[in-house]
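In structure tokens below, several structures.
Presented sequentially are two complexes of chain A, the first with chain B as partner and the second with chain C.
Take a look at the complex of A and B:
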């Protein structure tokens, strides 16, 4: 039973870390919005989906058929990340404007906001399945199919670690994810906007009295969360070379799980939770078979919450961590 | 709070009408109320009518639509309402209990050859037990954690069914027996106790009877000590605990009752459907039922029934829009929450909670944030 896991421990670990860093990036969006608004932004999974779509669109529009090299590759990657980030950040802000702000202004219940988010999520999925994929991507009748995306870079092996071949794209994804986390951490802890975000999550009323523009902070929160999800989307396309109108659903739930595991509202927790979940999932799949992957992920969630109800790192969002 | 009052003014006409009806209802003598109840029951029985069907459901058989999705959604929404609307616990994996009921019917019916009524009892007990099993360790969690844990539980149940070949794996179970028939009882040309393949109406009548029984139970509970305890937990759990309400016990009870209603509906549904598979129990169904509860006005049974009816019926009615109906449904959910976040027919108590600023959902579960921790709403209003 454990032979499979022990036999290829490192490959499973690498895959887990890669998947986990994507979970972590998406989890940031959940965790930040939760920290500021105490709201589960259920439609965040669709924000991620839009990121994968935008970067897939870049690959398709550039007409890439063979992997790029040199400056062309750097340019292509940058373009993918930019497109994914911009599309996701834009849609996250639009989502906030249309689906959440009117509710917020009226002091509606958080349950109402959740339903609104589920509605927005359905709308966006169907919008892609029915309109954007058939007409913009020019794949009529295939709106609900999985789309293969051309390989943009050669996935050469950089080095081997305990029998696992570590490829250049994997290193790139991991480094990019960690880099984004560090940048975000700096942003929240060192800048004026970050201070506003922290203040709002600690005590919104006092924050208003101190001159914090809450609407702006909320917008920024969605923008940053969206940006991270979009970058995660671009990295996802780079790694897995597929996307689909419903790609966000399960990944979104996993990312939210990651956020909860790390302690929701806690930025560093999102990364820790993401990596933890990615690893657990892959190890579990190695032991029990890949069909049980999600069952294992959710069972671990239940167990962790039973014994440590505020997640691994705790909910220290309001302290210096943001 | 100026924005608040302008919006309220715009809705006054409708609200005043509803209030008038409510005042009249509150003062009505018992016999009048019972007349209305009986009338409603009779109307429900008369619904599967062909000429009505042509208007209500031109694209598919009206009596079938009345059984599923409409009737099924109504019962599930009433069950979920106990958990979400009355006790204020957010459950995103309600479909799990429906699945447990459905699989009980399928397995016990095909493997052990038990009959429908026996399985109904077993299914209710099993799903209630699973509700306790899930609630026991998790109900101490705070609201949002509870939401994600229940969501996870829903997925665990579905994927376990998908991965266990002994219960059919992804193909599910076929050949589920129908409830036992009593032939010969014919009313207006319908064999009302003949549970065959062709006529969906007997199943619908069965569903109406089950739903009525459930509504009576839930209504009695709501008015009892248990119901008051739930309301107290929903509004302020800490205060309830301090006043001597054993909150954990009552939350667990709400979970078990909600679960058993979901399980009962699963048994009834599987008794008609012949075959079930894990894809009948997607998260989407949980979300839809939750939408029905909130749309109708969580905590208020007539509202919840109305919400479930609309959520079940509208997509069927507008099958003509074919592909676009889910898109429209999504947009409609957003629009409804923007213009009427308390639902179509909120209970008065709920509305009062909303006006007080705890957001009606008080807590979204366990820990109760006071008005001051409803950050954005407060801040934005200034």
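Take a look at the complex of A and C:
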């Protein structure tokens, strides 16, 4: 039973970390919005989906038939990340403007905002399935089908580690994801905007009295969360080379789980939760078979929450001081 | 409250009527249906087609729908006494939807026969209703073994079941492909697990070592399954499931450096597998199917003519189950052309079917299974799916 895990420990670990870093990036969006607004933004999974679509669109528009190399590759990758980040950040801000702010201004309950989030999520999925994929991607009648995306970079093995072949793209994804998270951590802990975000999550009313523009802070929160999800989307497309209208659903649930696992509202918790979830999933699948992957992951979530109800790192955004 | 409910009912009825109208727009060129139920025999009868026409697996349902449409149009073009109209029901492969559509087809549209339901899961739920209403139905693509064990009198299919397909593919894996160590993955669906288990069982009787695993077709990351396969170092991998999952698995497997021969069943026989996996990764993958797909190198005159007519009408090559959809609809046109107009009489005539279809010789045994049981092997070469031949005689190049 354990032979499988011990026999290929490193391959399982590497794959778990790569997927976990994507979970972590998406989890940031859930955790930041929760930290500031105490709202679970269930439409965040669609913000991620839009990121994958934008990067897929770039690959399609560039008309890539063979993997790129050299400067063309660097340019292509940058374009993918930029498009994904911009599309996701834009849609997250639009979402805030249309689906959440009117409710917030009228002092509606959090439950109303939650329903609004679910509605926005379904709307965006159907919008892509019925309009954008058939027309913009020019795939009539195939709005609900999976889209294959051309390979943009060669997936050569860079080095081997204990029997695991580590590929260029994997290193790239891991480094990019961790790098983004470090940047974000610096932003929240070292800049004026970051101070505003922390102040708002700690006590919105006092923050207003101290001269913090709450609307601006909320906009920034959605922008940053969306940006991270968009970059995650671009990395996802690079790694798996597929997307579809409902791609965000399962990944969104996993990322949300990662956020809760690490301690929702806690930025570093999102990273820890993401990596932890990625590893647990893969180790669980190695021991019990891949069919049990999700069962293991969610059982661990229940166990962790039983003994540490606030998640692994526990503290929330407000207490994360530099 | 009453008037309100009545109004609501009215709105619903209009909605349904509109939907049916739109669905029927598809391609029926026959004139008006006979309006009232007066004494004269109706001049137009309705045949339904049910399956996933807009969902994720519509790639393997639209071709048989087109095939059925072609058969019915050709029949109507002969100016028969009783014309036929094809009405489509988009179940999106959802059993609950299939059941409510079946009720609508029986009660509102009064169909006299149905081509479908396309998949096994929806057939299991919807066929009992058709059976109760005594509406003959012929599926062009439902391959689950157990469907034939329900004692249904009005149910038929024109494809051999997974109990035939699975072992035939397994024989090919152990025989022509000479694999001793085989890794079998399924997607836990009714179809995927069924065919996976059939392959596992047959491989074991052939003395091959079988390792297994399962995956979630909705997920994207299959690294845990791929790592298991890499560790087992098999000669061949078989995947039981649909093309969306097969493509992702195949790509991640090749990226991991595995060179094991990749096999799958009819659920994966769609260009979608090449698109998802990428042409270089999909190269040489082998896919078994009880279906007969016309290929560019076709020699059979009848199949050639069918392919040309199909292409002229729909602007696309006939893909998976197109010939079977045509044959299923032909069983209806022959029965009705022979003078049967009531569902009972049509069912009796179908039971006596004995003609050369495009896909095979069409003849049903008493349980509704087809008598001809050939399984074909297809191989992906240069981004195209080509026919390798009958599994019992095909050789790997």
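The rule we apply is simple: the second predicted complex is superposed on the first by the 319 of 322 C-alpha atoms of A that agree within 3 Å, B and C clash if a C-alpha of one lies under 4 Å from a C-alpha of the other, contacts with A are read in each partner's own complex, and residues count from 1 in each chain.
Quick note on the criterion: a contact is a pair of C-beta atoms (placed from the backbone, for glycine too) under 8 Å apart; a residue touches a chain by one contact, two chains touch by 3 or more.
It should be emphasised that the depicted structure is a prediction, and the values quoted were computed from it without experimental measurement.
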If we overlay the two complexes on their shared chain A, which of chain B and chain C does A:294 touch? Say first, second, both or neither.
both
Answer with first, second, both or neither: which of chain B and chain C does A:264 touch in the superposed model?
first
Max touched-residue count on chain A (chain B vs chain C) belongs to chain B
Is A:146 touching the first partner chain B, the second partner chain C, both, or neither of them?
second
Partner chain(s) touched by A:102 [first = chain B, second = chain C, both, neither]
first
Once the structures are superposed on A, label A:167 by its partner contacts, choosing first (chain B), second (chain C), both or neither.
second
Looking at A:121 after the superposition, I want to know if it touches chain B, chain C, both of them or none. Which is it: first, second, both, neither?
first
In the superposed arrangement, which partner chain does A:154 touch: chain B (first), chain C (second), both, or neither?
neither
Identify the partner contact of A:215: answer first if only chain B is touched, second if only chain C is, both if each is, neither if none is.
first
Chain A positions within both the chain B interface and the chain C interface are 249, 289, 291, 294
State the interface residues of chain B toward chain A in the complex, per the touch definition above.
3-4, 7, 84, 90, 137-138, 140-142, 144-145, 147-149, 151-153, 155-156, 159-160, 162-163, 283, 287, 290-291, 294-295, 298, 323-324, 326-327, 329-334, 337-338, 341-342, 354, 357, 359-361, 364, 369, 372-382
What residues of chain A sit close enough to touch chain C in their complex?
4, 7-8, 11-12, 15-16, 18-19, 141-148, 150-151, 155, 157, 165, 167, 236, 240-242, 244, 246-247, 249-251, 281-282, 285-286, 289-291, 293-294
For a test of understanding, state which residues of chain C touch chain A in their complex under the given definition.
54-56, 58-59, 62, 188, 213-216, 218-228, 230-231, 244, 247-248, 251-252, 255-257, 272, 274-278
Help me check something: in the complex, which residues belonging to chain A touch chain B?
34, 36-38, 40, 98-99, 101-116, 118-127, 130, 200-201, 203-205, 207-208, 214-215, 218, 249, 253, 256-257, 260, 264, 289, 291-292, 294-295, 298-299, 301-302, 305-306, 309
